[in-house]
Amino acid sequence: MNSAPQLATLLVSCPDRKGLVAALAQLLYGHGCNILDADQHTDQTAGMFFQRIRFDLRELHTDRVTLERGISDVAERFELTWRLAYESQRKRVALFVSKYDHCLYDLLLRHRAGELACDIALVVSNHPDLGAVAAQFGVPFHAFQIDKQNKQEVERAQWALLDQERIDLVVLARYMQILSADFTARYPNRIINIHHSFLPAFVGGKPYHRAYARGVKLIGATAHYATSDLDEGPIIEQDVIRASHRDSIDDLVRKGRDLEKVALARAVKWHVEDRILVYANKTVVFD
Amino acid sequence: MNSAPQLATLLVSCPDRKGLVAALAQLLYGHGCNILDADQHTDQTAGMFFQRIRFDLRELHTDRVTLERGISDVAERFELTWRLAYESQRKRVALFVSKYDHCLYDLLLRHRAGELACDIALVVSNHPDLGAVAAQFGVPFHAFQIDKQNKQEVERAQWALLDQERIDLVVLARYMQILSADFTARYPNRIINIHHSFLPAFVGGKPYHRAYARGVKLIGATAHYATSDLDEGPIIEQDVIRASHRDSIDDLVRKGRDLEKVALARAVKWHVEDRILVYANKTVVFD
Amino acid sequence: MNSAPQLATLLVSCPDRKGLVAALAQLLYGHGCNILDADQHTDQTAGMFFQRIRFDLRELHTDRVTLERGISDVAERFELTWRLAYESQRKRVALFVSKYDHCLYDLLLRHRAGELACDIALVVSNHPDLGAVAAQFGVPFHAFQIDKQNKQEVERAQWALLDQERIDLVVLARYMQILSADFTARYPNRIINIHHSFLPAFVGGKPYHRAYARGVKLIGATAHYATSDLDEGPIIEQDVIRASHRDSIDDLVRKGRDLEKVALARAVKWHVEDRILVYANKTVVFD
Amino acid sequence: MNSAPQLATLLVSCPDRKGLVAALAQLLYGHGCNILDADQHTDQTAGMFFQRIRFDLRELHTDRVTLERGISDVAERFELTWRLAYESQRKRVALFVSKYDHCLYDLLLRHRAGELACDIALVVSNHPDLGAVAAQFGVPFHAFQIDKQNKQEVERAQWALLDQERIDLVVLARYMQILSADFTARYPNRIINIHHSFLPAFVGGKPYHRAYARGVKLIGATAHYATSDLDEGPIIEQDVIRASHRDSIDDLVRKGRDLEKVALARAVKWHVEDRILVYANKTVVFD
């Protein structure tokens, strides 16, 4: 085993079936793959089974096409939904921002530090302000001026850009525009948003103001997949920090920035490492 | 100073006024009181000032009546709302429970360990089940059978009992009955409830079930003063714990019990130590 | 599948070997077992593989002896260390206490609430004080008076008692005696201790006093397996809570009690559910 | 009160004395100052009193010299140690770094976002690498090449630079050089260091490696004032995050970066807002 490892991740979900774990393990072994990590979950209420298998295929006896055909056969037998990701094919990510720079800096710095195993292909914004930040990190920046009239048109232009750049994941890093239902439908479970409250508390606008008015003793942030229902998509990660009567709204905003950065970064990391499965508007996160 | 300390706590709130801090400090000093601890807060948005002063009056030059008259005079000058509590007059607490025993045991054990500076005068329940627990700790137990017809009548009987026992604080330690608006109005900011969610998320019934359905990644508990608006009263304390896709509803209930115990116990401790001020449906907690 | 589930847990560890995951999955499937949950971990630094498989054997084609012989064969081939636990054979637990009652109450109450899937067979103490608590929960209580002369003799009597009661796990729930090396050697990875600090900070005595003197801003508690090296055994669980300059030593002790209860209860729960594997003085916890 | 507020903060510590609170409040009131915030603490074990008073002096009847002379008189009477800081005189801060950029970026970004009420006057390093980061934020950068021979000489040059730039606070933002005892003595309680462990666990080098080897379940970071005893200075802030058997040393390093950033930033914020008092190698933090 002198050659470098060639890693791949298989994500499967299906109605719970006896023999499935053995069938998949046997199949991978039969093709010469070495399982490094396997995590599984059975939701007994929903009768659903989920598994993430990470394996090394440098000693593959066959080839990738044959391996995938093999998985396909098992999938048919067990009514399996599956997805296979090769680590050598890094996901291409687009960051959508407006004027707040904290999540943008945070993701770009983590990426540069090697924390995020993806390519950050471009930054999209409805304002020109953060172009300089993108430039510092050598990431192409695309500004779109949006008003009430041109929203649909802008989205079409954005889709063309995303298609052209073969984007796998859109990250709304405090992007202050609401995407249309057409947009979210084009990227199911492939748009991650950060909401600056502990959902489902304070759905919608101005959550820090409302948290202040309600007098909560903890504030939160929630990273979730965007769906057509605002703030109602599958939750990936949440975090909170203590607040007190001494905190003004500005203090909540300041404390919240740290939460937003951390929750969003974890969600992006898990997504690009193929650790997340979605079902019933919830997530299974194999962390 | 050989005699034992005689501690008292003064809680004040008023529209923010220059000179107030000096006036109160001077007054207490003039009467021979020694300030041990003073904490204050100015809400600049609301223009309100709050202070908690804990002092030793064993070297009082005057007497309690004169001291209180002095405070009264300052209060009039500064439009002050105030409350003076002598530590020697321990608050009398009634615990209301139904069938869940975890909060009841927790409060009784903390009380026995000296964590709660109050007298637990009685336990009230709408079920006979927890009588044995109260008996173990030597606390009188009163069961009231409640049905749709007799609710009003039972509440009147409970009020009579609370009056007779000179109860200062009612703690709803997972009491599964909704108090009438008349009940909460009789004990403003003197009834503490524990709600088994991170308010304002999951207001109302079955919060763990709804948290499970929504797929949240943290669950919470909230201790608050009970008002006529269910789960809308001033929040005193909140706590959360991490949840994951592996947690069944039963797991959430189990994890939640630990949160409920801790959040409720802190709220009760702070109340009996006169650390809480309420305004604008929020709390100032001088912890 | 109308009969009740018959659950078992297989824990394995071995030098990392290709094909092992498939071999075990295939074996269990071949005998008619249905895998419900499988979690695994590879420590690439140590070159070690660990797995926990929970399965239902109600449709076992063979019998338990044959199944275990099958596992034994695989074990030999892969140099596997393994342990198979049937859920129907609940572990028998002995709680060792002295005078502090908070961990004892906590474990007994959690047990009664169904949180701990074990039998609490007896309580052992070096003081008679907590006999009444054990009695309340119907658990036999054994007090041993210990002095400098009789320590060895008492331990022998305790071993006889533990043998006679077929005890699987000893929990030192704030037991204020140091066990001899002979004692810990008799129960390798089967004695859980709770240390009232965040190890390796404040190894040894009076950790809260030393935390106070050092001015730490968080205090902790650590549940670990007891070994002959005091406080140096494999760590199972740790928790912390915020402290401040306002906290006296008594406050730290009070806050610490909550940490001790929670950390110890989690460790016991994980142990009796066969979620813990030990190697290199560390633990793998499949939670 | 139409003019802008002119804020100042008075920090005092002294042996506990009756009448002191009143004397200070009266003095400030007498000079026309309006107390906005006052926080105090009595350490009854040490017999010490501490207070932080934040006040508005825009309606000062006298002048600053007279006010300070008044405080001086009270100080003499009560054996008070005191420090008065005017908010208009922002503290000047020097950041010391080596090659890691996460704390540097974090502090510069927070400063730009208005979170830190100080001037970041310069960045000092023993490597040229991070000069570009300082440049991005318009902060002068000074690199000193350090070897075994020239250490003393470099420190002298650094002192000259710090003097010339009138630096109030030195922040060691992962500076990988040990300061001499002469250096720390020149800036008592004015050098903040971030140590990448939960002190006093893992004092000294390679704390993440040692945390990994010990198998801890939480890792931490500690911000403290630097003294001549390495890692033994007064602790200002600590934070922790959960770790598990799945975390490699690299994972601990990655998770730790987030802790280091947050703990250091809080310590710097509290210092520049004059919220910290030091005594007995501990801190009082009025947050």
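Per-chain numbering from 1; labels A, B, C and D assigned in written order.
Going forward, a residue touches a chain if its C-beta (ideal position, glycine included) is under 8 Å from a C-beta of that chain, and two chains touch if they have at least 3 such contacts.
Keep in mind it's a predicted model, so treat the numbers as computed, not measured.
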item	value
Mutual neighbours - chains that touch chain C and chain D alike	A, B
Comparison of B-C and A-C by number of C-beta pairs in contact, larger one	A-C
Centroid-based (C-alpha) most distant chain relative to chain D	C
Separation of chain A from chain B, taking each centre as the mean of its C-alpha atoms, in whole Å	42
Whole-Å separation of chain centres (CA-atom averages), chain A against chain C	36
Multi-chain contact residues (two or more partners), chain C	41, 246
Chain D contact footprint on chain C (complex, rising order)	41, 43-45, 198-202, 214-218, 220, 234-240, 244-246, 248, 280-285
For the chain D and chain B complex, residues of the former touching the latter	18-19, 21-22, 25-26, 28-29, 34-42
For the chain B and chain C complex, residues of the former touching the latter	101-102, 105, 109, 113, 115, 136, 254, 257-258, 262, 287
